[in-house]
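By letter and in written order, the chains are A, B, C, D and E; residue numbering begins at 1 in each of them.
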């Protein structure tokens, strides 16, 4: 009874296709935005920003990107780590080669470079499908990491192949480097996350998004309807890599500040982003965010509870963390295989029917 | 049919919900007597397939649950028996929409049908021979992967596979779908033959009402998750409403499909 | 705080180190009532050798008055260098991390004394020279390294040394995790390098030593860096007999401090781990690092004349550190490591490195070469170049000192 | 002269197949089949199971490539083309085993049918506001007409996976119609429907044929339907053509009766 | 014969052997994929867990000792007895069967008829769980596994081939590792018996049916429960074999679970559903990556094996998208 859609008639198609057709949802959305942009910065500490909020936003962007590829287009990919690395190294090269370039351009350019690389590695998807494709994308993952590790030009010939983000500012506010305030980094990432989510939403509700989903649900039928699989798949790879590249770029420049390709962008990164979208919900933008929140917050929370509050030895706590996260993944999947977003949807439907059970 | 004899299958006021929220069956009861052929009729989405899946307990794999009511087979409650147990008890389902094992050849498909049988290789071989005799087309295509056979061939394969289990009772979900007209007749002839010669009981969901009522002994008509009418097949056949809405005959004569533009039938009862 | 890793692919190496580190501070607290009367707390934070977790750990702990960080991972070190500099907290990386951090002018908060990857490499080359009558001209030396930032560190040094001494260097990378090294060892078997230098970590070490034994490579011609010279690595026992490794601290548990640890920590049931690691190489290393940190803290108390020091004071204390044999003896660890002193411009000390050798019979490491200075001439130049490049990239004006 | 025949004479050939051969490994699915489809007619293909009817549709819309034979569409000969290119030429179809996009709503499925009519590029779409939205709304209006026409307003936003079989078939027809094709290929559109629903489907098909002049090629096993609504019928058996002509002709052809019909309908 | 030629032969032979080692891991994947369409990410962790359990039982370790110590402040770790190898192996197999039953009961059972990616995800969750669980149960230190397997190069072969090289060339004889040879034998036995099992038995046919369509399999009376318990038990056994072989090579420690990554290209090249494919894929990958590293590696800086294995598999896939022996992907409308 709380959740009403009756009495909420749409008179134009424009209104009908808006993102939050129900008034209550729309207000809630404005409310969340208000909190994110105004309230959170007021209470941001170094720890919350660097251990929780910034990683959450960065991972959410990566999850959005991967969700476009896996959730919307059905092309299983495990190359996320490699593509993030491309974004990060592109950023490093751009930052050091053009010290004057502003950060937004640097990051967008890094995204574009990654998009090109992504489209290139998307080519096999025209022939290879399903898990075979997933394993094939590992080729991209390993090759890119090897390449970035092997060619010293990418890390400006430093001894160990580490890259560090120099300090850069925008409008007089320091954004990268150790002297950046948590609020600046947070708002910078938040801006990207919101903007990209908006773009993702636009792309997925229009013609292109439908062609992706058609390919996902039944590629043959899609082709017979007129969807060119080549453009659909490659555009998905490119857009997805664009997002992932930006995420890698922020990951390196704003979040970590330094990175080394074999450590920071290994295969485990690919898996954890995949986790996020499956737990959050494949083919759901909202799901990308809650998936990322889950995977970032859960370990931090567990750690703080087990070690901080209960005083367990760190190793026991860490092992239990694995057990609990693994167990939760299983429990969520069993309760709702389509992710947290679907769970929220079912809940909504129940709410709509409330107080009647059906 | 004598009412004293306990029915072999009795469904008592069941309710089915999919995905926690979608209520599909709203209290369905029906009975099937030993050696009967019972037809389950109704429009699209009436809940025929759901009823059948509730019996064979395949609902779980579609995130559906029976929330109310009981299902009894030979006097035993089978609400929670798993499908494998049911097949052992002799209840086999032919699923709607073919569901062949795509990567297996036709022959392998049929042999898998005999998985739960324990009466030896010979008997299975005999059944295989029987199925091939019913469907000569399958014999021709026995070495092809089922995924590459035509729609009708797959349908035959699915029915043949169920026969391989040598069942007591067969739940047939739309057996005639996609089959050529003379094959439809043949299938029902097979049903009749098995029923008469081997005493197999049938519950079949069918859209081809005319044929179904010709062969069935009893019929249930479902609308919107409820049983709205039931009766002996012969009675149903004569019922005016059934005639008009399910047999396409009104005022004693068949309408041409070309004329439907000017004329639309509308159901008179409310579901 | 000590950032440790007791999980993940390198857990077996991380745990004993963290134990040693923690146990030493426990000892100080139990036996001496802390440092200068102030109880120490060493919060441990699990990183799983993962850089992102390292940042989380750093942010989680830095607010609680952290005096110094022991990140225990080269990757995390790189991450924390700028952050610690901004937060004015010293970063202690004993025998790992960024080698050019030794340049205190640029890296004001990094302390990588007493030895680093480059001095290790140089010391190994020196040792090979010693064993071969002072000349290694035209000798073939192969570097088998973990294909990551850590493993690549010694390459510039070795290349510089190769030009200087005229030996031939072959580079043989092994990818993480390194369970399968057939190609690498077949290549070694074919080319028969006169010496092998091993920069490995985790499972890579065990497999490398095993494969070396399999192809019957003369073990005493093989040298590891200290991260390849632990009990875990020489698991095979006799197979690795004679294998040598560089080290910057002594081995064994024949020191007074161990009696105290037994008494105050182990017997009191206060060990960080299950106590089974006491006396192993990595435990010793952790304990040694802890001792240096404690020394720094004590120094700071002295310099600033306060008991409750800040991280900035801690830095000053470390910068004035002077570790002599007497000092070590007083700490119950006579001759446990090289003598060295730290200055404003030099955070690495002279980089003296010893050599230990595996005895397959008794299954233990033995020190067979004293803590000796590496070829500082070569290394200093490299350090200078690398740190200046960093300074340029990050707009850091080197301090005057 | 009956009405269909008049239509035939006036119209030109929209599609012509000449001597098509198609085989898979050892299986000959189609052998030497020629036939034509006139502009604006309802052409039915019938035949026993496995005769090669679906395969023939697959040839027409380019999913199978015949080993031999020529295909002429709209006055031009076709040389190996991809299915999506053929869609742009104005052929759309429905499938025997429903091939809807399971994860999408009814509306989105039908909107996907408009794919060939939408052209705004990725950048505009990313921005949404402006041209992309404009285009979306125009096409949405068209789709709403189809939804009204097929009487599926109520399920507009339902995910198609949840719909009963019959409605799915209807949505699939909607998706094919949305492309405004010159020629519509229907593979057993009425399988699994009862009389009432079949009547509905017939009505839609005939309406489309009448109002838009869409040419229709139809595979169906219900002889009642075929004989009533088709202008001409072609009969296949084991990949061969055994009959071709008006329903009346086919109905009384002895070979056809033997091979397929069994009894005269 | 020239030494170069002999070296090439040696690289090829060693590549074959390395490939066999990969295949041992890949086999477990294939079994489970074949029987349920599940891509079992946890296979690597299962190998680790099996090896840990074997060592633990063999050396009489007390399970969960670390946990017990932490809670009760005790200091226990070993029972103080040694279990004979064969008995320990048998007990470990028992543990793996119990594991299979638990997996079926608490996970798979609830995920019947779900999309492959969901099942895949579930196995990742399982892998996480077992990673933590295995460590807590047996501790995360490195353990040596000693079941009496030989190791080291074969001296006999080395001497026998020593004289083969042309006069005046440096040649040290052919090198083959004895452990690898044992592994090859074991692999052959495994592959043959598993092929027979899956190809010629009723259960084998049922496995393939289950992989195609869970629902239809249920409807013909195949008990998914039984099938899955059987298959996961066998996969557990294969994991144990792989764990023993790799554990003997590198000690039993966390990294053992990462060998899964070496099995993936093998899997993809051989086809996810083919048992012989796993072995042939292994051989091709083994030889391919070793030869590439031998011939091209030095030119481009080495450590190419990780990615080259994948690229090699990718090249095969472009021509056969289902792998060399995989079941053809059926595309029809």
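Keep in mind that, in the parts below, a residue touches a chain if its C-beta (ideal position, glycine included) is under 8 Å from a C-beta of that chain, and two chains touch if they have at least 3 such contacts.
Here the structure is a predicted model, which means the values were calculated and not measured.
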* Structure fact -> Joint neighbours (chain B and chain C) are A, E
* Is the number of contacting C-beta pairs greater for A-C or for A-B? -> A-C
* If you average the Cα atoms of chain A and of chain E to get two centres, how far apart are those centres in Å? -> 32
* To do: Calculate how many whole Å lie between the centre of chain D and the centre of chain E, each centre taken as the average of the chain's C-alpha atoms.
  => 50
* Structure fact -> Expressed in whole Å, how far the mean CA point of chain C lies from that of chain D is 74
* Asked: Between chain C and chain E, what is the separation of their C-alpha centroids in Å?
  -> 35
* **Touching two or more other chains - residues of chain D** => 54, 63, 95-97, 99
* To do: Enumerate the residues of chain B that touch no fewer than two other chains.
  => 148
* Structure fact -> Contacts with two or more other chains occur in chain E at residues 66, 135, 140, 301, 303, 306, 332-333
* Which chains are in touch, pair by pair? -> A-B, A-C, A-D, A-E, B-D, B-E, C-E, D-E
* Could you pull out which chain D residues touch chain B in their complex? => 24, 27, 47-51, 54-55, 96-97, 162-167, 188, 191-200, 202-203, 206-207, 221-225, 228-229, 260-263, 265
* Footprint of chain D on chain E - complex, ascending -> 333
* Asked: If you look only at chain B, which of its residues touch chain E in the complex?
  -> 56, 58, 60-62, 82-84, 86-88, 92-95, 99-104, 108-109, 111-113, 115-116, 145, 147-148, 161-162, 165
* **In the complex, chain D residues that touch chain E** => 54, 58, 63, 95-97, 99
* Structure fact -> As the complex stands, chain A meets chain D at residues 12-14, 17, 199, 202-203, 205-211, 213-214, 216-218, 220-229, 235, 239, 283
